[in-house]
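Dumping the structure here so I can ask a few things about it.
Letters A, B and C mark the chains as written, and numbering starts fresh at 1 in each.
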Amino acid sequence: MSIIRDLTIPMMGSVENARLLQWYVAEGDAFVAGDVLYELETDKTVTEITAEEDGILVRRLGEEGADFKMGDCVGWQAPAGSLPEAIQQGVALREGNGPQPAAAAVALATSVTALESSTTAATTEVEPGEMLMGGVMAKTSPRSRKLAREYGIDITTVTATGPRGRVTGEDVLRVAAKRKRLPVAAGPEANVVPQKAPVPTVEPGAEVAAAGTSLPSPAQRPVALTNKPAGTRVRHSLRRKTIASNMVCAKREMPHLTADMDIDLSALMALRKRFKASGQQPPSILAYFACNASRLLQEHKSLNATFGEDEMVLWNSVNLNIAVDTDEGLVVPVIRDAQLLTAAEMSTRIAGLAEAARQRALQPEEMAGGTFTISNPGALGPVVRAEAVLNGDQVALMGMPGIVQKPVAVALPDGSYAVQVRPILRLGITFDHRALDGGPVIRFLNALKFAIESLA
Amino acid sequence: MPIDTTLIGDMYRRMSIARAIEQIVEKHTRKARISGWWHPGEGQEAVGVGASAALNGEDYLWYQGRGCAWAIGKGMQPGPILGDVLGKVSGATGGKGGGVPHWADYSLGIMGEGATLGSVYPLAAGSAFASKLRKDGRVSLANFGDGTASRGTFHETMVHAATWKLPLIYLCENNELLVGTKLTDVCPTADIADFAKGYGIPGIIVDGQDAVAVYEATLEAAARARAGEGPTLIEAKTTRVQGHYAGDPQNYRAKDALANYRDPLAVLAERMAVDEVETIAAEALALVQAAYEETLAAPPPDHSIIFKDLYYGQ
Amino acid sequence: MANNDKMETMLYNAAMGLGLAEEMRTNPDIFVLGQGVASGGWFGAEKGLADEFGSDRVVDCGICEAFEVGMAAGASVVGMTPVINLGFADFSLIAGDEIYHKLGKWRYMHGLNVPMSAVIILPVGVMGGAGPEHSNSIEVLGMHFPGLKVVVPSNAADAKGLMKAALREPNPVLYHSIQTLSFTRGEVPLDSDYIVEIGKGIVRRPGRDATLLTYGSMVNRSLEAATTLANEGIEVEIIDLRSLVPLDWELILESVNRTHRALVVHEANKTAGPGAEIAAQIQERAFYELETPILRVAGKDVPLPQQNDLEQACIPSVDEIVAAGRHIMSL
């Protein structure tokens, strides 16, 4: 029996496919339960896979960037504390060119004995440090691993200068200093704003859209060629970093919160009725929300943003993801420069993308580069709350549950109130509390409520 | 000097309250769980109430495991006691505990209990030493059971208290049982008061079922202490009616163990008018019943008190 | 009152006594109890106290530790500030109930938030042939049982400053003087308000390569070791913890986050000693700042032999600390 065991991709519910993005543990490194082993991208999310038990990474079978099915083996691991000889023998056995089983067992027994005797020694009299690592000297340190993660550096590529070939934190910092990181959102329109100056710039096109007056025809509009639209970068303040790290510690997962607000759709319904009365097909309710939300995101830039390890990018234009339910699960195609579209255009675009999604005809670029997401579970049934998991590194998501006829207190001209039954939609904004506090979210919801309820 | 009838009525009232608490807690533990244990003192109420009546308000009382009658005798109300027993915020300790018991009220001179039984001897000497230094005229009373008279600190403390003539009273409640062991199986003398000889202090034996006798002996010991004449050892012979703890099956005890039991309430009632006895008993019962109901309605302590009082100001 | 910046060279124990005497002059609630304290104390800490404050406040008692500490607990509950010198920390085990249950828990279990001032002097460590029952370093017990504060002065000035802080502290303090330092001399501020704050450590020697956390008898040995290591190019930062309860985590973490290596050095037994707790907490709080495992250099897990050479062989030497310093830089 080999001591080598498979390191397999854990099953995650309905997820089938995954891409291995980055390894965090080098071959030969010991890890403990809870350490991040590698980062995985699925069609739903990007997630860090942590070790379930202590061990040593013997071999990486999966290359970074390679695609796998869930449950696939991506590496070999050995039990924590295994001696190098035992690991070598285990590897040989797995590769089918090792010694005969009997010989291997003897060899293994010998090394186990050696380990046990060294453990015994540790409890009696040893030089400080000799009892460490169960005989396997780690080639990295906790600090160097953390720094590598922070700077997005593959630690196995770092030249080690530490004792016994160890990659130290200083080694990682040296690489980081050399490798001035390319801006995430390169492009002429990305404005890098120094710390404490989160002042987004507004482009001419955006101003026009925000004003909501004569829109240029689609042909005249600037077309975003890059996957990511232009935007404003705001370096994290120390406070934001602290809040972010506290939030992560507090919940271990991304701290999602959802703020809900009831929106009265009477005005919207009346407007759609007028379209129908004149024989026209009105834009969908979703389209009205998408159109108004996109326009308002121009002013509420902190919700049209992505959150990274070191910085947050506030995007100038809105690349709107619309979650579409298909037979194969959820897909989220993107509508670029959504802030420029009218409700009618929006309605057509959404319908087109939804159809393409159902036909599996979406191109990869039609799903990438989103800055804000709308999820519309209300279209499927009268759910009362629409909270969803955030999309990638986006900081906010708008959820639209079903429309419910509800008694509400309506102000009468004389200052008194009367109870009336109104069509109510409880709109929810799920947001990443690391990036956003409640204030901007509520302000956005207020603005959207006002916009929808004032439609005429 | 004949004892004041008002004082007798007051002692009867306090003993009745203590008895009512004993019975209501006993009843409660039969139908509901309490956190911790209740150590019943039924039958011994005359000792705590009689001795406390002889102390001044500011005198220091360090009581023992069956301390209910002592606390009531020294002025505590039933509410805080029941609050701790039932683990409610209304308890004297805020609900941390009270069946052992650990209730205290320093404004009443009720200093608390050490649940490592018999551990209050040196603590009482500490407050007595403070009084001697400050010349504040206060007396400290260490209450204990016969079972802990064999502790080392009994001796250590008395050696020093007698030498330094500390204003200290040792008051033993001898119910002849150490949890479930007979005193005479583990002690060379049946009378704890005999130990006093070795320290050169008075060793007094009183009838622990008679509150007046306990009161008078304690009053005299307190007067000696205040006069700078040092400690006194009082041994009150008494009877533990219930088990060591509420629910104790008492297999170690003879069936007729209580054949000669005299109820301290009945003993004191002989000195009182019948209607007075009945009125006081009814009032006491009503007071405790009301406190019990209030306690049941009180909330349990919040977890935020877990670190409270660990350090001063915390 | 203050004598400003004047310093005087004096014995460690005399400095402890000076702190005590200064506080007794202003606080009539302080009294001293112990074996031989009325005649100046076994080790000179209480020299002259009985003459100045009288035998009412400086009181001899029999050989009965439980009584002494129990009495301190009772007196502190009623507002006194007792000072008990048990002579040897080993004897505190006889007063375990009184220290850890009564002093440590009385306020908590009775739910009354009143000050409880008491200073229990528990000298720790070897003093040259005192044997297995007079040489222990058991300061970890005060860390394990809640409700107490624990100080460990490593020099004469701290002996005074921590004694004064302990006497002004509204919580019971276990004051672990260091036997081997009792008759060493040091500069002591004469300022009658010279206080060493409880819970604050101090950097005795700055360094960039590793953080060495120590206290009491091992501070001087660690400083000596640091000099040797500096000659080899290894700059060890020496932190004298001064208090074990509470520990100065701000100082410890600031240093470890800078040097990325930590060692703990103490005379107390290694197994479940203070270093075990300190190392555990460092890795809990700063694992990802560490380049290497945390090392401990500590007393051997044996009763301390009486014979002098054997005794010294059981506690960390300067050479062992130097070796640990080299070792951590090689990991």
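Just so it is clear, a residue touches a chain if its C-beta (ideal position, glycine included) is under 8 Å from a C-beta of that chain, and two chains touch if they have at least 3 such contacts.
These figures come from a predicted structure and were not determined experimentally.
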item: Category of the chain touch graph - line, ring, star, complete, other; value: line
item: Central chain (by mean CA position); value: C
item: Rounded Å distance, chain A centre to chain B centre (Cα mean); value: 66
item: Whole-Å gap between the CA centroids of chain A and chain C; value: 51
item: CA centroid of chain B to CA centroid of chain C, Å; value: 40
item: Residues of chain B engaged with two or more neighbouring chains; value: none
item: List of chain B residues in touch with chain C within their complex; value: 60, 62, 91-94, 96-97, 102-106, 111-112, 114-116, 119-133, 140, 152-153, 156-157, 159-160, 164, 308-314
item: Contact footprint of chain C on chain A as seen in their complex; value: 127-129, 132-133, 141-146, 162-164, 166, 168-169
item: In the complex with chain A, residue positions of chain C that touch it; value: 260, 263, 287-293, 295-297, 323-324, 327-331
item: Sites on chain C touched by chain B in the complex; value: 31, 56-57, 59, 61-62, 64, 66-80, 82, 97-98, 101-102, 106-116, 146-147, 149, 170-171
